[in-house]
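Both of the next two complexes hold chain A, though its partner changes from chain B to chain C.
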Partner chain A sequence: MKLELGFIKINDVQFSNECAVKDGILYVNPEDVKAFIYDNDDVKTYIKSITLDIAKPGESVRITPVKDVIEPRCKVAGPGGMFPGVISKVDTVGSGRTHVLKGAAIVTAGKIVGFQEGIIDMSGEGAKYTPFSKTLNLVMVAEPVEGTKQHDYERAVRFAGLRCATFVGALGKDVEPDEVKTFETYGIMEGAKLFPDLPRVGYVHMLQTQGLLHDTYVYGVDAKRIVSTLLYPTETMDGAILSGNCVSACDKNTTYHHLNNPVVAELFEQHGKTLNYVCNIITNENVYLADKQRGSDWSAKLAKLLDLDAVIVSEEGFGNPDADLIMNCVKQEKQGIKTVLITDEYAGCDGKSQSLADSDPLADAVVTAGNANMEVVLPPMDKVIGMLDYVDYCSGGHAGSLRPDGSIEAELQIITGATNEMGFNCMSAR
Partner chain B sequence: MVKEIERVGIPVVHMCTITPISLTVGANRIIPTIAIPHPLGNPTLTAEDEYALRYKLVDAAIKAFSVEVDKQTVFEF
Partner chain C sequence: MKSPHRIRIITNNPLVKTVLSDYYTIEYYEDLSLREILVKVRDLVYSGYELFTHPMAGSVKPNETMFKSIVVGTDMKGVEIAHCNLMMNALITCDKFKPLGVQYSDYHIKDFQLIDYTLLCGALDFDAIAGLSKANF
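Take a look at the complex of A and B:
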């Protein structure tokens, strides 16, 4: 399967009377965006009001509580549309051509679950830890209709964010990209013939699916109801996987992360040179032991069926998913498939406690994305998009986290994307 | 907590859903339970059936105390 990504470099985002991408500037008419967002039954029913704002790198701006971040993209050739099964009709995506508004992001914010959303600071200490301090953010704050239940609110904001990204992404449809890159993986026999001497490598992509608003969707399917299965890597670039997660901000995979998965990017970088990138195996992280056993059994079975030599395994979240991570590792290793795991750590403020809830001697190649318990102090910001009401209650916060002067003392856990376990950040350790 | 209580000579039955973690941290008597958000219950059951389930789990835990173990043991029932 072959996909061309056309990158349109966005250097600025501005509110305007029109909606367009011209000379690297994204012009947005907030009323047009809102009208498109509201053309959905869930949004109409559960969202009282939507406020759009813009946050740019270097500004004294704090966005919280952040739910999701989405990159605006648009399919310009090939089957299907962005976010199949949710925004577009179900059709297999990942081939043809897709345009990307590179440098822009849609950030959705609102109280949703409150304690399980995060913070994005556009400048200061916090900006160092989130990749979304470096993007030009169109921020959508959604207020629920009074009495709306949390799961209805979450779904409505999820749809609203995806609709916002779809509308904005479509503005790049007829724009000539600054750069076009091609990504292609091959059928099993074809790939083996093309690269007979290269190791066959797959990516075991673990999806957060604990339920109670800790959910990920694949082609519109709630991923806690899937058994482990295969994806072409390029399918992820067209929105086959998206986040419905309200979990600790530092290590949840936002939809932006799924679209720009760095494991996929790096495997493609090495594809045909040092390895043969065969495919992705998606597997879930459920709350029943039998599901964990089944999920890891199937990911190991699929890897064996594909004659893989090695897999990279990335986790999402922490705690009981550490058990899924270790099961995925041990079952692969025991059938002779090498593994490298990517995770983060909850090793206490001093970094001296046990990092993961589970471990095994076979997990001997592990990349850490940082210690989520590390304490940070975030300076006050001139402007807040959203509300500060939940800072003390957010995962990583504590009573008194929000100081009277507007500064915040908290664990790194509170910052969106800070210890992302796909490795979409700059922290690690040796 | 399981290990510290056992260290002072009081036997412990660890009731938990993710038994592999319990094995990793060193519990000796382990009773598998229902699910992480509801280890000792099941909201899909009727109140009567759920009571029966809870009774069965606690009964199994109490019985586990009386079983001599010479290694880490997950009690299947």
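Take a look at the complex of A and C:
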């Protein structure tokens, strides 16, 4: 399967009377965007109001509570559309051509269920830890209709964010990209013929699937209902996998992360040179122990069936998913497939405690994405998009986290994407 | 919905008791802390009862939420070392997190109950949303 990504470099985002991409500037008419977002039954029913704002790198701006981040993209050739099974029809994506508004991001904010949303600072100490301080952010703050249940609100905000990204992404449809890159993986036999001497490598991509408000969607399917299965890596670039969860901010895989998965990017970088990138194996992180066994058994079975020599395994979350991470590792290693794991650590604020909730001697190649318990102090910002009401209660916060002067003392957990376990962060994974 | 036979839910979450009592065997301990629920389940697992759900389910940390529901077997099946390790690691992890000193409102406490309940429902293939309607939550 072959996909061309056309990167349109966005240097600025401005509110305007029109919606367009011209000379690297994204012009957005907020009323047009809102009208498109609201053309959805869930959004109409559960979201009382939407406010759009813009946050740029270097500004004294704090965005909180952040739910998701989405990169605006648009399919311009090939089957299907962005976010298949949710926004577009369920056609298989990952081939043809897709345009990317590189440098822009849609950030959704608004309190959903306590404790699990995060902070993006556009400058200062906090900006060092989140990749979304470097993007030009169109921020969508949603306010629920009174009495709306959390799960209904989560779904409505998810749809609203995806619709916002779809509308903005479509503005790049007829724009000539600044750069076009091609990504291609091959069928089993074809790949083996093309690269007979290169190690066959796969990516075991673990998805957060612990329950309502802890979900991830694949082609619109709640991934806790799936058994481990295969994806072409390029499918992820067209939005086949979506975040639908309200978990800790630091190691949540936002939809932006799924679209820009750094493991996929690095494996493509080495594809045909040092390795043969065969495919992705997606697997879940369920709560029921039998599901964990089934998921990791099937991941191992598929890797063996594909004659893989090595896999990279990334997880999402902490605690329960650590068990899946280790099960995936051990079962692959025991059948002779080398593994490298990517995780983050909850090693206490001094970094001296046990990092993971599970371990095994076979997990001897592990990349850390940082210690989520590390304490940081974030300076006050001139402007807050969203609300500060929940800072003390968010994961990583504590009583008095929000100081009277507007500064915040908290653990790294509270910063969106700070210890992302795909390695898309500013800590140690690269 | 998973079969209710040969399993029981050890919990300190009143929402779980309210919604799931009609369907599953619930052992409800109103006065036990999250850690004490872990200890209770650890002791059951150490004495040979089967563990069905992961004790660290959910992204909410053990120093944040006060609610925990875990599914264990009703029959002695023999000691499973892997399950013992899970419980031991869960307690080590629990003790690693320092108290936050936050005074939670009823609103926040209900959020914590909801999260624990929905995670349990996910594990049991139980329709969490229908259950909430029934409980008028």
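The definition used in the following text is that the second predicted complex is superposed on the first by the 427 of 430 C-alpha atoms of A that agree within 3 Å, B and C clash if a C-alpha of one lies under 4 Å from a C-alpha of the other, contacts with A are read in each partner's own complex, and residues count from 1 in each chain.
To be clear about the criterion, a contact is a pair of C-beta atoms (placed from the backbone, for glycine too) under 8 Å apart; a residue touches a chain by one contact, two chains touch by 3 or more.
The structure displayed is predicted, hence computed values, not measured ones.
S.K.: Put chain B and chain C onto chain A via the superposition and say whether they clash or fit.
M.R.: On the shared chain A, the partners clash.
S.K.: Can A:D358 be said to touch chain B (first), chain C (second), both, or neither?
M.R.: It touches chain B and chain C both.
S.K.: Would you sort A:N425 into first (chain B), second (chain C), both or neither based on which partner it touches?
M.R.: A:N425 contacts neither chain B nor chain C.
S.K.: Figure out whether A:Y346 sits in contact with chain B (first) or chain C (second), or with both, or with neither.
M.R.: second
S.K.: Between chain B and chain C, whom does A:G211 touch in the aligned arrangement: first, second, both, or neither?
M.R.: Both partners, chain B and chain C.
S.K.: Quick check on the superposed pair: does A:H398 touch chain B, chain C, both, or neither? Answer first, second, both or neither.
M.R.: In the superposed model, A:H398 contacts chain C only, not chain B.
S.K.: Between chain B (first) and chain C (second), which does A:N320 come into contact with in this model arrangement: first, second, both, or neither?
M.R.: Touch partners of A:N320: chain B and chain C.
S.K.: Is A:K149 in contact with chain B, with chain C, with both, or with neither (first, second, both, neither)?
M.R.: The answer is second: A:K149 touches chain C but not chain B.
S.K.: Chain B or chain C: which reaches more residues on chain A?
M.R.: Counting contacted residues of chain A, the larger count belongs to C.
S.K.: Just chain B (first), just chain C (second), both, or neither: which does A:K292 touch?
M.R.: Touch partners of A:K292: chain B and chain C.
S.K.: Following superposition on chain A, which residues of chain A contact chain B and also contact chain C?
M.R.: After superposing on chain A, chain A residues 210-212, 287-289, 292, 320, 322-323, 357-358 contact both chain B and chain C.
S.K.: In their complex, what parts of chain C are in touch with chain A?
M.R.: 2, 51-54, 56-61, 64, 71, 83, 85-86, 89-90, 92-93, 96-98, 100-104, 107-108, 111-112, 114-115, 118-124, 128-129, 132
S.K.: Going by the contact rule at the top, pick out the chain B residues touching chain A in the complex.
M.R.: 17-21, 24, 32, 34-37
S.K.: Give the list of chain A residues in touch with chain C in this complex.
M.R.: Going through chain A, the ones touching chain C are 113-116, 149-151, 208-214, 224, 245-248, 286-292, 317-320, 322-323, 346, 348-349, 353-354, 357-358, 392-393, 395, 397-400.
S.K.: Flag every residue of chain A that touches chain B in the complex, lowest number first.
M.R.: Touch list, chain A to chain B: 210-212, 287-289, 292, 320, 322-323, 326-327, 357-360.
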